[in-house]
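Please find the structures below.
One chain, chain A, links the two complexes that follow: it is found with chain B in the first and with chain C in the second.
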Partner chain A sequence: MLSRPATQTQITHLQRLWLYVLVGLVFLFLIVPCLIVIPMSFSGSKYLEFPPRTWSLQWYEAYLGSPEWRAATFVSLRAALLTTLFATTLGTIAAYGIARVHGAVSSLARGVFMLPMLVPLILLAIGCFFVYAKIGLNGTTTGLVLAHTMLALPFVVIAVLSGLASYDMNQERVAQSLGASRPWAFLTVTLPQIRLSVLSGALFAFVTSFDEVVIALFITGGQNATLTRLMFANIRDQIDPTVAAISSLLIGLSILLLVGSQLLLRKGARK
Partner chain B sequence: MTMTLDHPGTLPAAAPNADALQRQGARERRALASLTLPGAALIFVVLILPIGWLFWQSFFGAAGQPTLENYARMLKPVYVRTFVTTFEVSGLVTLACVLLGYPVAYLLAQLPERLAGLLMIFVILPFWTSVLVRTYAWLVLLQRTGIINTWLVDAGLISEPLPLVHNMLGVVIGMVHVMLPFLILPLYASMRAIDPVYMRAAANCGATPAQAFRQVFLPLSLPGLAAGVGLVFVLCLGFYVTPALLGGGRVSMWAMQIADNISVYGNWGAASSLGVVLLIVTGIILYAFKRLFRTENFGGTR
Partner chain C sequence: MPGKVEIRNIRKSYGSFVALDDVSLDIAPGEFLTLLGPSGSGKTTLLNVLAGFVRPDSGSITIDGTEFLTLPPHKRNLGMVFQNYALFPHMSVGRNVGYPLRLRGVSAAEIERRVRDALDLVQMAHLADRGVDALSGGQRQRVALARAIVFEPSILLMDEPLSALDKKLREHMQLELKRLHDRLGTTTVYVTHDQREALTLSDRIAVVNGGRIAQLGTPDEIYDRPRNKFVADFIGETRFLPVEHGASGLSLYGRPLKVRDEWKSLTGDTPWLVVRPERLRWHGEETDAANRIDAETTGVIYQGDSYLVTVRMPDGVEIDLRRGPDIAGKELPQRGQPVHLWLDREHTILVSDKP
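So, the complex of A and B:
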């Protein structure tokens, strides 16, 4: 087996064993920090240890029992759901416009919608902080959702554009020639066919908002602090094992979303 | 009945009709373009307006007088040290990402698609996990009483815990973990696009595996590598969360300097000018890599 050729250049598996070992180590490096917190969060002692000598749910109880953590979780979830709703709507209709209009307008719009991905987050954070201070949006859900929606737009636009790229726009023309209005043709003919792209854009929007730290650090606080903001302050100032429990829950959520997005991809590929 | 007549095939030759159709086409294009307006308006209000204001603000002093002192201040040693640290860390992280990421993308690109897709989970799961959670995990692993130090001490390999975090090493390790998927994913995609037949041809012409790799595969993979390198380097320059948590106050990077100028000193002029320069440097690097990427692409495949 090991002496068989592995590639087109007839190099054998044995000759490039080092490559397999190296790649395996990189995989370990990538995956261990994503998973190690989970067993530690069930530790029964007062400190984090690996492997835990005794098991308990004390840090999960500490998380669920704290009004502060619960409030922050609620703020984050609400912001993420609203962001998903707005970013998916605005992003989908914008992507539709960009895909249908050709020429300079289209490439200009494409460029504008990519900006939130290119500008360093710290600048968006302090910029929003200042502008919001003038119009009284600091510490409000509205301000947070507006900023997160802006941040999520590129992901939705990219996802929907890729869906529209393999969609035959003539179908909509047929619907219109049969008497459907333009919005009705879009909703009943186009949207069902690009729904997987729209869904994966929505998934990205949710994660973008839920995991966002830097903007939340500047424009939220007190009653309106997000979960990530609270975690950031907690990690910086002390190592509270409660964060391990929250992290484990977030990792569980990431795995769920990852599986969801992979299923979407797979379904999209089969179509 | 709202029949659309902008299809080229339906254009009749008669002049008056063509004129009307053209007007209708223009109206339709305007309607379609206006679909981007709500999103664009949002981007204007929470991105372009604030950045424009930062730019404006950077030319005014604390008392509101127009001045260039905010930019002159950047030549002070404390700022210069921040810039040097930022470029040093970004360079190290990018280099480590190339050294670790290239072999991974290379191997994955050669495996059957199903297996590669399965192994891709190792790259995509970190990608989907919050940066904050991963940074916290690194802190747990690397700190004085962390897992790695505890194990090494218990095994008798070291007598004193190693300083693995709250310094440059910790920042680099944490950042490599965040950036690695950003390098592997585009690189993998571009390597998949390289036809394996080239490598067989090289072998048929008598090249050893090492020669075939160096002279055929490596040059073809450079555009994808350049795209990943540019992206990772630029993301590193403006990165805040991981250096702030793993640097322990000893590693001062560009984004932290901006944040501190606001939250600690309340110095908007200094923060704005630092931000403007960061934005310009980011833009120049992205543009340069895009140009390089394109020219490489032409030179490499044609």
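So, the complex of A and C:
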């Protein structure tokens, strides 16, 4: 006997209440810490507070008007773009190799590429600092990009490997038999089909670099300080709502990037 | 005519496992040669050696006199069709077929014309703009074929191209492949483990077993003169009956056996009589005991166009025979009844266990 008109499960909303509460809590703890800076950034007072008692745009003006903040933003953007370029290229090639070759070499390579993700960040930062001190890379863009590329590689490798998992390597063989050299077969047949994975790897690489602060604290400074490093210093020394304004802008940028890439992907998928 | 392939002493091992054991084979220009063998016998490995995806340990392959093994796959000018077709899902049917031509720098107008011709040949011209995901298995097969022949390769390689299709479509495609080969005359190396497919399509068949060629010959040679028990067993519905080799000659279940080819006994070899059910006759000379088998009917099944009669040999071997609905002067045997069967001398095949 049905106790009510047939739904798929015969469970009422009331019986499911606990689930709704749980989901609500998860969302609360997931989203609120991310978004709470937004109201704080429009504060009219001199200190970070929630909720703000008065409202103003002064902290956005403070950020955009400061040459120091602008320079740090530029440093971060440059590092993130270069990191994206290197990590995506290297990571894609590495993942391809790992997927193509079987056996011990492949497993070993996979392990080595995952290493930066397993080692605590603070140890990596100390390691980078000492190694780069020996070869004079501390405080340079090259050093920063190298360190961030190392951090970002595992994400790219994982993303591309997952794309290759469902890819039929026979296609590349067919392409070769039809007259394409191996690199050309990769570029014209394999890459177009794993492009979504590569793109998501690239996105991860960009965000990894742009958000990174621990390594930046150790190996950058002065002219080369990244935006996150400056924000960190600011919170430690002043705690004015400029960081909240920057964070809000960054959140906006991230959402834009995500939505944009989703739209691109969907358009690509439809084609 | 180009396309003469000479394969010489190809060996390939994976660790201690020998996948190809000293394979030598000549393929004539325009020939349709099939590699037929059980799973794991090395057919794909040999095809991949030809295509350049597997490097043999030793040996040589020449095509029209020039060494082939040193060329990378993309310089070999081979058309290849894989079992799973491996069409490029990010390209339309037309672009798939045009891919090898674009690589060769053919002009756009020429590409269009040749793609259309190739698709016409496989009756797919009307679907040139389709995505390949929207094709049926048989259609994909045709596109893969068109893509492999559009650049007029010197050799066409096909690895079980029909095995993913259902029986009816497979038989239809076999005939189409044969027609296409008659028309184009491209030297073709075809891999299958379906013996009927091999018999239908091939000019010659190489039966492969354990990395070696067990026998190379035309379909009727392979079928009617198998060289050993393996080949006889692999081709056709085969039963083996034990033949005694005594002082007075050969005998089967105590009756004399007259054979087509003299039995050249190697020491200790026991001959086996290869029985193809369709070669057994219901009629014969009752008074002549030679080549007569007295068996017992153990089952009769009506199957519309014919009866399937199961008979048991004196030593218990059972053979399924097909019997037309109407054989003049002969009653349909009933279950439990004795039957007499005859095997003509020219249809006797003796093989030994040894290769």
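Going forward, the second predicted complex is superposed on the first by the 224 of 271 C-alpha atoms of A that agree within 3 Å, B and C clash if a C-alpha of one lies under 4 Å from a C-alpha of the other, contacts with A are read in each partner's own complex, and residues count from 1 in each chain.
Methods note: contacts are C-beta pairs under 8 Å (C-beta built on N, C-alpha and C of every residue); 3 or more make two chains touch, one makes a residue touch a chain.
Since the structure is predicted, the reported quantities are computational estimates derived from the model, not experimental observations.
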Combined model on chain A: chain C and chain B, fit or clash: clash
First (chain B), second (chain C), both or neither touched by A:Arg173: both
First, second, both or neither for A:Arg182, with chain B first and chain C second: both
Touching partner for A:Gln193 - first (chain B), second (chain C), both, neither: second
First (chain B), second (chain C), both or neither touched by A:Ala62: neither
Chain B versus chain C, judged by how many residues of chain A each one touches: B
First (chain B), second (chain C), both or neither touched by A:Leu85: neither
Touched partner set for A:Val131, first chain B, second chain C, both or neither: first
Contacts of A:Leu77 with chain B and chain C, given as first, second, both or neither: neither
Overlap of chain C and chain B interfaces on chain A (superposed complexes): 173, 176-177, 179, 181-182
Chain C-touching residues of chain A, taken from the complex the two chains share: 168, 170-171, 173-182, 184-185, 188-189, 192-193
Chain A - residues contacting chain B, complex: 6-11, 15, 19-20, 22-23, 26-27, 29-34, 36-37, 40, 47-48, 50, 90-91, 93-94, 96-98, 100-101, 105, 109, 112-113, 115-116, 118-131, 146-147, 149-150, 153, 157, 173, 176-177, 179, 181-182, 207, 210-211, 213-214, 217-218, 228, 231-232, 235-236, 239, 243-244, 247, 250-251, 254-255, 257-258, 261-262
Chain C to chain A touching residues, read off their complex: 51-53, 72-74, 76-80, 82, 84, 86-90, 99-100, 103-104, 147-148, 151, 157
Footprint of chain A on chain B - complex, ascending: 1-4, 7, 29, 32-36, 38-40, 42-43, 45-51, 53-54, 57, 100-101, 103-104, 106-107, 110, 119, 121-126, 128-141, 143, 145, 147, 177, 180-181, 196-197, 199-200, 202-203, 207-209, 212-213, 237-238, 240-241, 244-245, 255, 258-259, 262-263, 268, 271, 275, 278-279, 282-283, 286
